[in-house]
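Each in structure tokens, the structures are laid out below.
Here come two complexes built around chain A, the first alongside chain B, the second alongside chain C.
Up next, the complex of A and B:
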């Protein structure tokens, strides 16, 4: 496989409603910033992979209108859409296209403009025969799975709230993040409105408008354009059953993420993820899920996730900072959320994360989460 | 590019299927392709699927087919576009050495959807969508621009699924039979119809240029034995033929083309299947074409040889 690296990233300011910009303009902003970051022009881009969940805005083939915003004029353009994992799956698709030998530089852009649609209605459009009757959008189905997870692992609402606080505190150092809640406390999370027991409003990710772009280059181009490229070392996808009732206690087992991480670690030679990985940008749609992902990703033994957050291991100054950007809990334009994970992980390796930079990052992990239990795992490194 | 072998093809009949669900259609196409290739699902490393959420009335419409494409605890990517573009991506991931055997599947249940309503939502929401444009109206503009003598005729509405299996290397038992993918290209045209010369398609020119260059072919008139085009309206056959540098003396759409009724998004992949089936009978070099979006805004071309 040809070596491929991320050489530039760009994102918009994310917000509840970006009324000042169309979808195409958001994509153009992210693209322009990524090109500037990589030090190239659109003319050097050989192909483009887009990511967006069209049904959230009710658009058919949105790349037709928005592709031009990414500079897709008469270039090879393809759109990937797999639910929440759309962004990471598009990043994996872009990586494969760049490694194919046919293209040298590939641009990946994800976007979502939730303010122009009805996301939870879109999420309820599942299988019409069985699942749609019980479809409840993101909050309802997580409340079910979280209850199972809490029963199995004994994590507390306080521990989940600490995850929510960590994310929003980190986000205050990320100028692009959507939710920036200065001085947020555990009590504030626990006192926020109950959405579906045990999920409080501040436990949940927001719906954001925004876009994010990542630029890949093959080895010689990467070395030419970037002083410290972020090399792709592993990219693994696992999908799972389409019916929530067929999934065995989703957050407890999360077999897709476990298996994808196992394969990715094996490829890179990681045996002690907590010690060896320097920073992680993981797709945590709800505070409790981050705790569950700690176990699935092997950061701790089963039942130890609560201790990890209590001990501050995943805080900015901890052994393995998780989501220095503020994560999905702070910024969630779905089609871009996975691209943001990869971009933020790459920024950490490239040393370009600004005020939320973790010192001396050599190995970074990005994950995607989507549908009921689909997972992507991507590992980036400085060499 | 390193040639990629097309190990197997399978499809359903194309017709309105009121009693058949999307997963059932896809299951039939996938099982047919596996049987054709002499493989089982365990031999498949990854899948690329093609479908459209608004046509299916589902969010992440590949969720409905996870099981029947064998994606449980396995890799899958979904291209929201024509199935031939999905095949290109599948081939790219093989060229990247990410996978050895990739299943590519496309489906659409067009009989359930309101084509006018859905394709109206393809147009930008500020200038074009409020005008009530849809694919049929755009086709009327394009056929007028071409001075085509009759109103544009779309194919009969149909439901169906198609599947192919791509592999890094020929299967030892069928190496002589199986055609090889030797070139591919795809491109996106401008969106605003007013910005486009509707009598031309720079995106198809670009897609074909890339595909023919990879296949080391410089004279399509001389080098192509036959061609299978996606004419989503009857007038497009002549237009795509002209843009590809061919003329009516060439062997085009001998399978009957899309006018016998092939669902959207399945169309391009079905062109490839027709190419493969015929190349198994006679050696030659053939071109499969797909397009999607208003007046073929998205274009994709594959060159196949046996």
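Up next, the complex of A and C:
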């Protein structure tokens, strides 16, 4: 395995509806920004990995229609679609292509244009022989597993709301973030419309239009092009059983994320994640999930996640800032959301995160969450 | 600058999903006999609903049918307030409605289905519930209208 680093990232402005740009144009914007950030041209790129959930837009073969926006002509191009993990899985695939020695420079681009389609219906297209008749989409499914998490751990709606407030406060320092709602309070979250008990509107991620790109290079190229590359130290993915009812208390146990984190930490030699990791960009589609991920990622003991948010440990000035970008709770173009986690973690290591930069980042964590069947963990470092 | 436009498209689509042997048997028993059948793993002994040809944990082939009751225990619940488009009808589903993960008696997995109750203060994890069936059955989960609280606690 060769050493590989992220040498450039680029993203579009994310918004509820980017009527000014087609899918291909969003991809082109993110790609050209990443190329400029890396200081290379498309001609140096050896291969491209795309990430998109085409069902949401109802346009088949996006790797063909949209691939040109990524500069894909006459290059190896493939696409990955695994729900919310699509972007992190595409980043893992791109890393594998580079680390294996197949390619020296690999571009990963994820995008989604939810404004063009019917996302909630797409989410409800579950097994037609089994639960499609009784499907309640992403919000209903999250709310079900949250009821188990709340019963097991005793976290409060106020603690979940603090996660939602933190994300939106951080997003105001990120000019690319979709939701720009400055100064919202815990009370406002709790008074926002109830989607499915106990999940309020402001506890939930939005649906966004946007794209994000990441460029990997092998060691000699990375050192040539980048003054402070973001080295990939671990990239782990885990898959699980398909049906919502297959897994016992999945948000409580979240064995895919626990297993992936354990293996990633072992590879890097991390024994105290909260102390050793400098910043995390985790895939939190709903406020309660971030609390569950604190436990699954070993940031705290089981049942301690509420205390972590109460004590401000994961705020921008805390011991381990979580989602300085504003996270999925502020920006969620699904095919891009995982790429955004990796890009934002890499930007923190490279010192290019602008107004939401955490000082002196050496070790950064990114995660992906796909339905309830996949988890990805990626660790980046300055050395 | 030219005014930006949106071009709408509406489609009516039809699919035909094959059942294989295991869903064919499940649908037959549900439709003709009002019985719910699960498959037991020969290795870990878990009883799976929905039926499937392989246990994901053991990668063992599943062949042993086990009858599962139409009563069970609530393992998770919510009241859904946000209307979603019902993927089987294309229409907005009226809200609010109760949803639960229900562990049917005899099964190791849980079933997501509707509850008659939509007041969260009347629900708790561990509650016993019973299926309410439609008169006409098609072999689909919608043959069950919803689940209601059992009067006699067991």
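One rule holds for everything that comes next: the second predicted complex is superposed on the first by the 382 of 383 C-alpha atoms of A that agree within 3 Å, B and C clash if a C-alpha of one lies under 4 Å from a C-alpha of the other, contacts with A are read in each partner's own complex, and residues count from 1 in each chain.
In the analysis below, a residue touches a chain if its C-beta (ideal position, glycine included) is under 8 Å from a C-beta of that chain, and two chains touch if they have at least 3 such contacts.
Every value quoted in this text rests on a predicted model; they were computed, and no experiment measured them.
**Student:** What is the contact status of A:241 with respect to chain B (first) and chain C (second): first, second, both, or neither?
**Tutor:** Both chain B and chain C are touched by A:241.
**Student:** Between chain B and chain C, whom does A:125 touch in the aligned arrangement: first, second, both, or neither?
**Tutor:** Both partners, chain B and chain C.
**Student:** Contacts for A:60 in the overlay, against chain B (first) and chain C (second): which applies, first, second, both or neither?
**Tutor:** first
**Student:** Looking at A:197, would you say it contacts chain B, chain C, both, or neither? Reply first, second, both or neither.
**Tutor:** A:197: touches chain C, not chain B.
**Student:** Among the partners chain B and chain C, which is in contact with a greater number of residues of chain A?
**Tutor:** Between chain B and chain C, B touches the greater number of residues in chain A.
**Student:** By the touch definition at the top of the document, which applies to A:102: first (chain B), second (chain C), both, or neither?
**Tutor:** It touches chain B, and chain C stays clear.
**Student:** Does chain B (first) or chain C (second) touch A:151, or do both, or does neither?
**Tutor:** Second partner only, chain C.
**Student:** List the residues of chain A that touch chain B in one complex and chain C in the other.
**Tutor:** Of chain A, residues 58, 125-129, 240-242 contact chain B in one complex and chain C in the other.
**Student:** Help me check something: in the complex, which residues belonging to chain A touch chain B?
**Tutor:** 1-2, 22, 24, 53-56, 58-61, 63-65, 67-68, 72-83, 89, 92-93, 95-102, 122-123, 125-129, 235-242, 255-256, 259, 370-371
**Student:** State the interface residues of chain B toward chain A in the complex, per the touch definition above.
**Tutor:** Interface residues on the chain B side: 1-2, 21, 46, 52-55, 57-60, 62-64, 66-67, 71-81, 85, 88-89, 92-93, 95-98, 118-119, 121-126, 185-191, 202-203, 206-207, 210, 214, 292-294, 297-298.
**Student:** Residues of chain A touching chain C in their complex?
**Tutor:** Within the complex, chain A contacts chain C at residues 19-20, 58, 118, 120-121, 124-137, 139-141, 143-148, 151, 193-199, 240-246, 249.
**Student:** Which chain C residues qualify as touching chain A in the complex?
**Tutor:** Residues 4, 6, 9, 11, 15, 17, 19, 23, 27, 48-50, 56-57, 75-82, 84-88, 99-101, 109-114, 120, 125, 140-142.
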